[in-house]
Amino acid sequence: PEMLAAFQARIDAGEKIEPKDWMPEGYRKTLIRQIGQHAHSEIVGQLPEGNWITRAPTLERKAILLAKVQDEAGHGLYLYCAAETLGISRDEMTEMLLDGRMKYSSIFAYPTLTWADMGAVGWLVDGAAIMNQVPLQRTSFGPYARAMIRVCKEESFHQRQGFDIMMKMCSGTPEQKRMAQDALNRLWFPSLMMFGPSDKDSVHSSQSMSWKIKMNSNDELRQKFVDQTVPQAEYLGLTIPDETLAWNEEKGGYDFAEPDWDEFFDVLKGNGPCSTDRIATRKAAWDDGAWVREAMNAHAAKKSTANVAAE
Amino acid sequence: PAALFEFLLRMGDTTLILGHRLSEWCGKAPILEEDIALANTALDLIGQTQMWLGLAGEVEGKGRTADDLAMLRDAWDFRCCLLVEQPNGDFGQTIMRQFLFDNWHLAMLRKLEHHADERIAAIAAKAAKEVTYHAERSTDLVIRLGDGTSQSQARMQAALDLLYPYVGELFTLSGEDLRPAYDATIEAVLAEATLTVPESRFAHHGGFSGARHSEHLGHLLTQMQWLQRAYPGAQW
Amino acid sequence: PAALFEFLLRMGDTTLILGHRLSEWCGKAPILEEDIALANTALDLIGQTQMWLGLAGEVEGKGRTADDLAMLRDAWDFRCCLLVEQPNGDFGQTIMRQFLFDNWHLAMLRKLEHHADERIAAIAAKAAKEVTYHAERSTDLVIRLGDGTSQSQARMQAALDLLYPYVGELFTLSGEDLRPAYDATIEAVLAEATLTVPESRFAHHGGFSGARHSEHLGHLLTQMQWLQRAYPGAQW
Amino acid sequence: PEMLAAFQARIDAGEKIEPKDWMPEGYRKTLIRQIGQHAHSEIVGQLPEGNWITRAPTLERKAILLAKVQDEAGHGLYLYCAAETLGISRDEMTEMLLDGRMKYSSIFAYPTLTWADMGAVGWLVDGAAIMNQVPLQRTSFGPYARAMIRVCKEESFHQRQGFDIMMKMCSGTPEQKRMAQDALNRLWFPSLMMFGPSDKDSVHSSQSMSWKIKMNSNDELRQKFVDQTVPQAEYLGLTIPDETLAWNEEKGGYDFAEPDWDEFFDVLKGNGPCSTDRIATRKAAWDDGAWVREAMNAHAAKKSTANVAAE
């Protein structure tokens, strides 16, 4: 308990906890869960966008999308490394993703159905991600905070690219504008879900907040996201698919409809529209690639034996 | 200028189709680092495509952009070599294709760096820097996967046997003078990788000339050109 | 008429996409007789599509033909159920999809035979004859593959688990009143096939309504619509 | 030798040889090779057309093509059955196809690259096939002759459908006409190769002809095909890709260039443009389907055991 108090005091003082420092088991476990889930989201998040790389409408758009997906894989890498400092390997985390013990962000269980989704994912999904991630640059665990700094820099670039696609679509042909509106209709509520359940239903929250693993409440961030996004939608000439949406002068923010939380919990259970496909794709990649990983290990072993023999 | 246009299509269509093939791997590579590396190579190749096809459109003088050329020609008007049209197969097959291509590509670009047409020389010089890295990487992987496990060795040998008949066509564009050095390079690597170069020099043709592409190209185009075909004239 | 148009699209798009999926098997089935049978079923479904979409175009009254509707709409304007969009997978998965669909399809058509609109009743009557045979065939195969080897049993169970969440959507078109008889029929067959019906009745939606198709549909359309998109207005 | 003479006398008298009749080993072997190769050609021949079923431009064309490919599978079935009466099983023949011991027609090692190829395959390839097959309706082996009668009826229907596609293309847009010409350019010489090598290089020929397994010489049939096809090409407004082509009044037929026989022998060696793909596709179908065949056998065995037990 004394160690616990000292630990809490360090956090309260704004110090960073480093991998070799003492930490409570709960802190370690919560961080592994959170960073791992975040890393998995980057990896699984490649798939809905990868779905359109082969159909990108121009060479420029194809290059931008490729670069973006490549960045996401890079983010996955930073985050797996951060989690590994807590004593779990990347392979273990991968196995846990594939057998359902670890999760990824619910948004990536939704399909990308038109090119406008590439815009909407950048605008809404990366927008929501940034909203979640910016405060995490100040999180108490050093490696995680430093990873988030690198991630955030690139994410805001992605969000601008997504918004740029939306602008093109909204100033394009009637079909393109319809495509953009359709994307917003489908992705609005799933984006709101990205902040997690309503505060009153959120587990883990208070302890995580005092540990500075979680910096803001779900509803706080969700409100902030809505307040930022509604004027952007207006600028684009798109309609948020929420008839109850209205400016509330008193609170200085928008009132808006809650997402369908039953749907959210269905997605968490693995019943998202693409849940099965996403995991099947990642599992196939993992299983089909086993011979490659084995070969690389075997080759490395041969070389190190040869080196030892040569010494 | 017609011959120059054709030449530029051969370069640009080849990087375009190979870049596209690599981009099909997105999110599905055996190792995260390889996902990144494949995307990176694809990105370089798409960038080179923009230069080659951009210049092709300029030379043609009919106002066609690189995108028009990429997105609005049917298969028979493409001039990519057959090697890059071949499907990805397993990771080993993709890497073998890349290895066989990169080593030719690099030699070709180094030759083009001295081209009389400055625009071609400039593109080649820029591309050669990127392709030097591609060739290093695919060479390294071929060795590690060839000289890995018995399974990986068998897969890499199968990939080599499958793809080798598409190598000969490359030299119809670059000139046979590049072949001896190419052979020496790849044979040394393949030997280190414990792989055997097929005895037969039989070569398929018809990609660079456009006379007879593979059936794979048409399927690839249905995806690649979809949006431009479905929404003609739209800006993206 | 708008509701009727939508209804006809639901029927016609569903047979279209399933017929297309089956046609992907061409030349690749495990047994020659199955190649023939799959092609035959695909042929029936394409024929039914011509009738349903032909009538849809008539009802819409904008001069669109069945081909226009099939070849010139983008994914979001399709109204096929999610079940038929699902990829073929292995032969067992294709047969399981067919079994789950055929039994609903037949019940649906028998109901439509009594439809007040004579045109609908006539199409349904013609189609029901064909679908009776489809259902017999897929039922027989599910039993033989389910109650075959331990490997085939595992594959069929996996196919059932994968596809069952797409069954619920079917009854949003036909009415839930058809469900008890459907359940009784398939449960008896699956029991004989030594397969277990999943406990959860969770159902995916969004195909018939068009609100959220699967990612698979768009890829299918890139192939199916290619020629009409690439050569607009040509006669074939 | 007496039996041999009696056998030859039956053939010369126009009698049909039936499976249970005595026959020389060479007759049996040659027939197995020939019927098997013919059956394999029907099966492998599904693939170049199957390649366009998913891209057929209209529902009607898709249906026609599906029906055609289905017919070809049916022809394969008749022919395998005919071969089976000679004491070889379908599975054995399939294995021999997959490991290269048996061949299929060289034409199916060429790719189908545009929709016009669906026309050209029907017009030229089915046209050449009929030219080969019509005389085989009078072949000496009963089951083979009867199979050919059924096959020929359907093939001539296919040829008309192919010509109909060509007519549409040739009276269509300039692109369509160009597509049709391109198809003819690519498929002309490979079609001529379908009749086999020049008579002077043809092995097996004389014995097969006296046994009435082969009814006409390769060059004879090739000449007949050219004479029939050239006016059709003219009617379509297409140019045969042979500058030497000219009417020869004296022989009452066309003079024409020989195909590139080196290419032909390359194809036979498995170096056709699609040779590897075709066999790989068939092998994958066979291997991937093993569990289905095993399951069906296992189920049948269970049922027959159950029936025996119930008796």
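Here the chain labels run A, B, C and D in written order, and each chain numbers its own residues starting at 1.
Keep in mind that, in the parts below, contacts are C-beta pairs under 8 Å (C-beta built on N, C-alpha and C of every residue); 3 or more make two chains touch, one makes a residue touch a chain.
Worth saying up front: this structure is predicted, and the values here are computed from it rather than measured.
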{"item": "Pair joined by more contacting C-beta pairs (C-D or B-D)", "value": "C-D"}
{"item": "Averaged-CA centre spacing for the pair chain C and chain B, given as whole angstrom", "value": "40"}
{"item": "Inter-chain centre distance, chain C versus chain D - centres from mean C-alpha coordinates, in Å", "value": "34"}
{"item": "Distance from chain C to chain A - Cα centre to Cα centre, in angstrom", "value": "36"}
{"item": "Residues of chain C whose C-beta touches two or more other chains", "value": "74, 222-223, 226"}
{"item": "Where chain D touches two or more other chains at once, by residue number", "value": "55, 175"}
{"item": "Chains touching one another, given as label pairs in label order", "value": "A-B, A-C, B-C, B-D, C-D"}
{"item": "Interface residues, chain C side, partner chain B - complex", "value": "74, 219, 222-223, 225-226, 229-230, 232"}
{"item": "Of chain C, residues touching chain D in the complex", "value": "16, 20, 23-24, 26-36, 39-40, 42-43, 46-47, 49-50, 53, 66-67, 70-71, 90-92, 143-145, 147-149, 151-152, 155, 223-224, 226-228, 231, 233-236"}
{"item": "Residues of chain A touching chain C in the complex", "value": "48, 51, 55, 111-114, 175, 179, 182, 186, 266, 271, 273-274, 276-277"}
{"item": "Of chain A, residues touching chain B in the complex", "value": "43, 46-47, 49-50, 53-63, 66-67, 69-70, 73-74, 76-77, 80, 90, 115, 165, 168, 172-173, 175-176, 281-282, 284-286, 288-296, 298-300, 302"}
{"item": "Interface residues, chain B side, partner chain D - complex", "value": "74-76, 162, 165, 202, 204, 206, 211-215, 218, 222"}
